[in-house]
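In the two complexes below, subunit A is the common chain; its partner is subunit B in one and subunit C in the other.
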Partner chain A sequence: MNSAVLSSRRSPTGAPQPSAARLSLPHARAWLMLAPVMVFLVVLASAAFVVIRMSLGTSGHEWHSFTLVNYANLLDPYFMKSLWLTLKLAFQSTVLAVLLGIPVALAMARAKSPIVKRLLLAGVLLPLLVNLLLQSYGWLIILGPSGLLNHALLAIGLVQQPVQWLYRPSGVLLGLVQTAFPLAVLPMSSAMKSVSQVYEEAAATLGASRFQTLRHVLLPIAMPGILSGSMLVFAYNASAFAVPLLLGGRRVPMLSLLVHDEVAPLLNWPAASAAGVVLMATTMSVTALSQILVQRSQRALWSK
Partner chain B sequence: MKKFSTGRRQAFKTIGAALAASVVSAPFINVRAAQQQFAGKTLRLLTWSDDTGLAALRNIAATFTEKTGAKVVADRADGTSGMVAKLKAAGDRPQYDVITLAGVGASGLADAGLLAKPDLDRLPNLKDVPAQYRTGADGFGVGYLLWTDGLIYNTATMKAAPASYEVLWDPKYTGRIFLPPPEWAEAVDMAILAARMSGGSQQNIDPGFKKLAVLKDRILTLGENPNQIADLFRTKSLDVGGIYSPAFFPESIKKPEFNMGISYDMKEGFAAQLMFTVIPKSHPGDLDLIHAFINHSIDPLVQGKMAADVLNGPVNSKALVPVENRKYVPSAQQIAEKAVLHDDKSLATVHDAWIKRYTEIFS
Partner chain C sequence: MNLSLRLERPMPGQLGRATSMLATVVLVLAALPIITMIVMSFSASDTLQFPPQGYSFQWYRAAWHTFASPDASDVLSMGQALMTSLTVAGSTMLIATALSIPAAYALNRFNFPGKAFVEQFISLPLVYPLVILGLSLLLVFNWLPADLGVFRLIIAHVILALPFTVKNCAASIAAIGPEFEEAAYMLGARPLRALVDIVLPLMRPGILAGMLFAFIVSFNEFTVTFFLYDINTMTLPVWLYSRTVSSLDPTVFSFAVFIVLIDFALIWVLERLVGDEGVAL
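On to the complex of A and B.
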């Protein structure tokens, strides 16, 4: 006989009361199921704490000293300019990726044919499936000084000398938009799919054009998904390393490259950690602020 | 004169030959016997994970095992900073017997008190290594390879190999030159070379950065990715650049379609950095084995193979570099006469500031 049953008691009203063990069993099971995830989260959180702790150390004495000098050093115009450039490029790439992604997301959400849906999905996912290094070579072949675009422009006489598309902020921006494009499209497509077509039909019945329906009905309702996509692109690109390295030719010093410099030749892990923490905190602040703004606009929308 | 019969003469000849052979071969037999003492022993090596590390495994570790019977267990790290991190993380626990790494890493580990000094008397091959390349990092490192940088030029667009770094400042190459990226040691050496060309030095670097600033709008890129650089030469988008090492693209530079040549014969000399083998203070293997391995790494034959494989300069002046690779590797005479080594120790104090200055000039 089950011990839980043996230990069951009767309430003062006479109704049988489940034992504490019986009550806690489902909870225990739930916690047990969550355990692997919790362990993983603890590891992730520990890594972040290690970085924070290291940012308070000094080079060579990472774990035995406490100082804020690494953060003070980040006030140097060299780092401030880099932080500004990083945020600027992350913001610009987010706006471009979202603007370019909206029609694609809409097409994915509203396409009826399963083949079209699959083709669109495959096309969007392509940047995630191809190695970043290969993608950068692709851009080199297209946009390089002897690339296809320059060949075409020279051939039709539009330019007399090859145009420098790469190794400039514009080249990096292009790479950031391309590599983060799926991150913008997928959440937006999912959000648009969940918007009932009844709203669009109602707007159309009231005489709204397709563009008006998109602007005043679909996009505001799908705003949480658009925000999710934007935040993913922003956070991904704020910490981008490979794209500015390969397409910027080290002439576009985003903060991640300066973090790398501190680690690789200078062996100054505390300084690198401090720069990493600042980048992380800035990105999180921007994300939180955007979420607050969108939540407010959503409340205003549904209270109308 | 007393005559010997043919039979007796033959017998004397045979005995004489046998005696001579035994005398001549005795040292080798003894050496062989001495080396056999390492059979069954294990040496733990930490090296790079790139082509240089693979070449070290092929040309140094494998031949050492073949020669001595010792087993070499290799671990590889992504760059010098990775090696330093691994050794620091290990602390007092014995993990590696020998590490091959760059000067900055060797100095960093020596300063942190993590290295043991090698006994140079147990490295007989050092006799053929010029004095300036024997040791470094306060005597904790033994030089085993010379990372050499010259000017890379386009064999299809330039008539002759450049003989001076002034070619980089020639306006006719505007938009068709490259420089090394700021965080590389090559950038440091480029700044020093520019300073020397303008009357400065490593200790008086300002003239060098001023001279480099002239190139701000003339360069196509900073060569962070060697494969991209090789491709830009292949497509004739670059004429010349550096300073850079052919070791970054040991395969491509040998292929004619990449149009790449390397010039070390510069009137200002060429930059070189000494690569080291070091012994961690806490090492699990025995010191005889460790010293035998380090000695083997500077053997003339091994040095020649390494130089040919990774296109670095050998430190052993008697290195036997295969003929077909000699045009990519500076000769012993060039190394002796023209190699310029920067001062790692004093660089450590200014490297951070120099990276910032270089980055700011070109960004």
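On to the complex of A and C.
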């Protein structure tokens, strides 16, 4: 019998769990059970290759030509500005979402009462699951010239006349932070949940303030969760579509809007694909980078 | 320990007052767009001024009128869009869950080369740019000789729902432990029988949570659907958007409140199922 099949999962005492079921069943059965899910995921992965192939074609004979002209066309200032804007907004929204998410994640990890837990989870799931289009309608009302935000700002005297938020990067940024912050909260709270209270008690015994405990004990241990949350927010917002479509329009041309414009009014599939490949490559490289950071932070944590 | 002392200063590792207050503020801000939209739908005026001058049900009456007796000029009635949305969400829910149960079982009960890769691969739809998914599926579907109709949307939505269904099913299997199946084997049950009679019933909360997630994800999907829909397969969100391209009329808010109420109910049920363990993501 193959001992490599032995489960790596360990019981709480740290001893390997012997399991008859896991020892006797072959790999083939596992792959058979995974096959249906893999079919759909392979469609997803191969869809990426279709886009890459299309980006090398010319309009008219998409499947029979090879050219890099679509990528050369992307060097124009409008596209470059859009790429820069996309990366900037995705980065800013990630930082803000993580900062705002930390207290929520902490509350979720430490709350004791079941009703508080449920309310917290509902509050986090709501912005994530409710249609982005509908939430953008809400933002239209809040950010409008006579909207809630301008009323509040005028009332407390911060501004003398209504500020234009809609169709500006700042308005889009607010929408991006609000719709993506649950993606930062969920991995962070599960990472914080796994941090034993003993560490915080030890820090407090040694005279650390609550903030010092958070800064030097809790956040470093939860760093893998924080990093994977940031990655999710960045990837989600770099390719955001509904929020910039409604709150930014043509004035805040994020990359995904450019891709859709090439498809819907212009019907230029190769150009849309080339822009899409750039978007995909950007997202995937940031994802890969943060995976490396997660692994490194985990290793750093346990080697200390 | 002195109780009043504890009330004044939470012990280390407990939830502090500053954290609770910050968390509440953040969550209220996060819900603000939905709250404003609900308030706005009761507005008595027809501008987007907030807070509204007065309150009435006029937009609900107008919305009901649109729903009950659609104009001939409308390309598609709301009823049809709602039916499409429910069909797609229902099919997505059933297909994604049916696929995820064996996959979750395999990921939990077997060790095989490439398992870590498969686990990463299943999370791919979470970080895959939605616009690219829409674009590439559109290319593939246009290239296919047959028109898939509503299945264009179902295939896309199943892909998007898979990470949620697999992870919720996997979490519930992980909680069961192999002892139950071993006991069944010892009593003479074949592996399939043990799976159907023992494991599946114990997995029920995870399966139901996965199903609800799939339904919610599909029902609220906008971006990918926006690439893939055609005039016969418009979902409710796309229908709503098509009404607001030219101007934003407040009947949209009444329809939106209707969708949000469905979401509220679904999320509340979801939470009952997920319980204290939190959401697997």
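By our rule, the second predicted complex is superposed on the first by the 253 of 304 C-alpha atoms of A that agree within 3 Å, B and C clash if a C-alpha of one lies under 4 Å from a C-alpha of the other, contacts with A are read in each partner's own complex, and residues count from 1 in each chain.
Keep this in mind: a contact is a pair of C-beta atoms (placed from the backbone, for glycine too) under 8 Å apart; a residue touches a chain by one contact, two chains touch by 3 or more.
Owing to the predicted nature of the structure, the values given are computational and were not obtained by experimental measurement.
Asker: Putting subunit B and subunit C onto subunit A via the overlay, clash or fit?
Answerer: Overlaying the two complexes on subunit A (C-alpha atoms) leaves subunit C and subunit B clashing.
Asker: Return first, second, both or neither, reflecting whether A:W31 touches subunit B, subunit C, both chains, or no partner chain.
Answerer: Second partner only, subunit C.
Asker: Should A:R251 be classified as contacting the first partner (subunit B), the second (subunit C), both, or neither?
Answerer: Only subunit B; A:R251 stays clear of subunit C.
Asker: Just subunit B (first), just subunit C (second), both, or neither: which does A:G57 touch?
Answerer: A:G57 contacts neither subunit B nor subunit C.
Asker: What is the contact status of A:G144 with respect to subunit B (first) and subunit C (second): first, second, both, or neither?
Answerer: both
Asker: Who does A:Y78 touch here: subunit B (first), subunit C (second), both, or neither?
Answerer: Only subunit B; A:Y78 stays clear of subunit C.
Asker: Would you mind checking which one, subunit B or subunit C, touches more residues on subunit A?
Answerer: After superposing on chain A, more of subunit A is contacted by C.
Asker: Is A:L186 in contact with subunit B, with subunit C, with both, or with neither (first, second, both, neither)?
Answerer: After superposing on A, A:L186 lies in contact with subunit C but is clear of subunit B.
Asker: Just subunit B (first), just subunit C (second), both, or neither: which does A:V259 touch?
Answerer: Touch status of A:V259: second partner only.
Asker: Which of the two partners, first being subunit B and second being subunit C, lies in contact with A:A235: first, second, both, or neither?
Answerer: After superposition on chain A, A:A235 lies in contact with subunit C alone.
Asker: Should A:G225 be classified as contacting the first partner (subunit B), the second (subunit C), both, or neither?
Answerer: So A:G225 meets neither subunit B nor subunit C here.
Asker: Of the listed stretches 185-193, 221-229 or 275-283, mark the one in subunit B with C-alpha atoms clashing against subunit C.
Answerer: Once both complexes are placed on chain A, subunit B clashes with subunit C in 221-229.
Asker: Identify the residues of subunit A that lie in both the subunit B contact region and the subunit C contact region.
Answerer: Common interface on subunit A, subunit B vs subunit C: 136-137, 140, 144, 146, 260, 263.
Asker: Under the definition above, what is the set of subunit C residues touching subunit A in their complex?
Answerer: 11-16, 18-20, 22-23, 26-27, 29-37, 40, 47-51, 98-100, 102-103, 105-107, 109-113, 115, 118, 121-122, 124-133, 135-140, 155, 158-159, 162, 166, 178, 181-182, 185, 191, 216-217, 220, 222-223, 226-227, 237, 240-241, 244, 248, 252-253, 256, 259-260, 263-264, 266-268, 270-271, 274, 276, 278-279, 281
Asker: Under the definition above, what is the set of subunit A residues touching subunit B in their complex?
Answerer: Residue list for subunit A touching subunit B: 60, 76, 78, 136-137, 140, 144-146, 161-162, 164, 166-167, 245-246, 249-253, 258, 260-261, 263-268.
Asker: What does subunit B use to touch subunit A in their complex?
Answerer: 79, 81, 84, 104-105, 108, 111-112, 175, 181-185, 220-225, 228, 231-232, 235-237, 351-352, 355-356, 359-360, 362-363
Asker: Would you tell me which residues of subunit A are touching subunit C in their complex?
Answerer: Listed in rising order, the residues are 4-8, 17, 19-22, 25, 27, 29-31, 33-34, 36-38, 40-41, 43-45, 47-48, 50-51, 54, 100-101, 103-104, 106-108, 110-112, 114, 117-118, 120-127, 129-142, 144, 146-148, 151, 175, 178, 181-183, 186-187, 189-190, 193, 197-198, 200-201, 203-204, 210, 213, 231-232, 235-236, 238-239, 241-242, 255-256, 259-260, 263, 269, 272-273, 276, 279-280, 283-284, 287.
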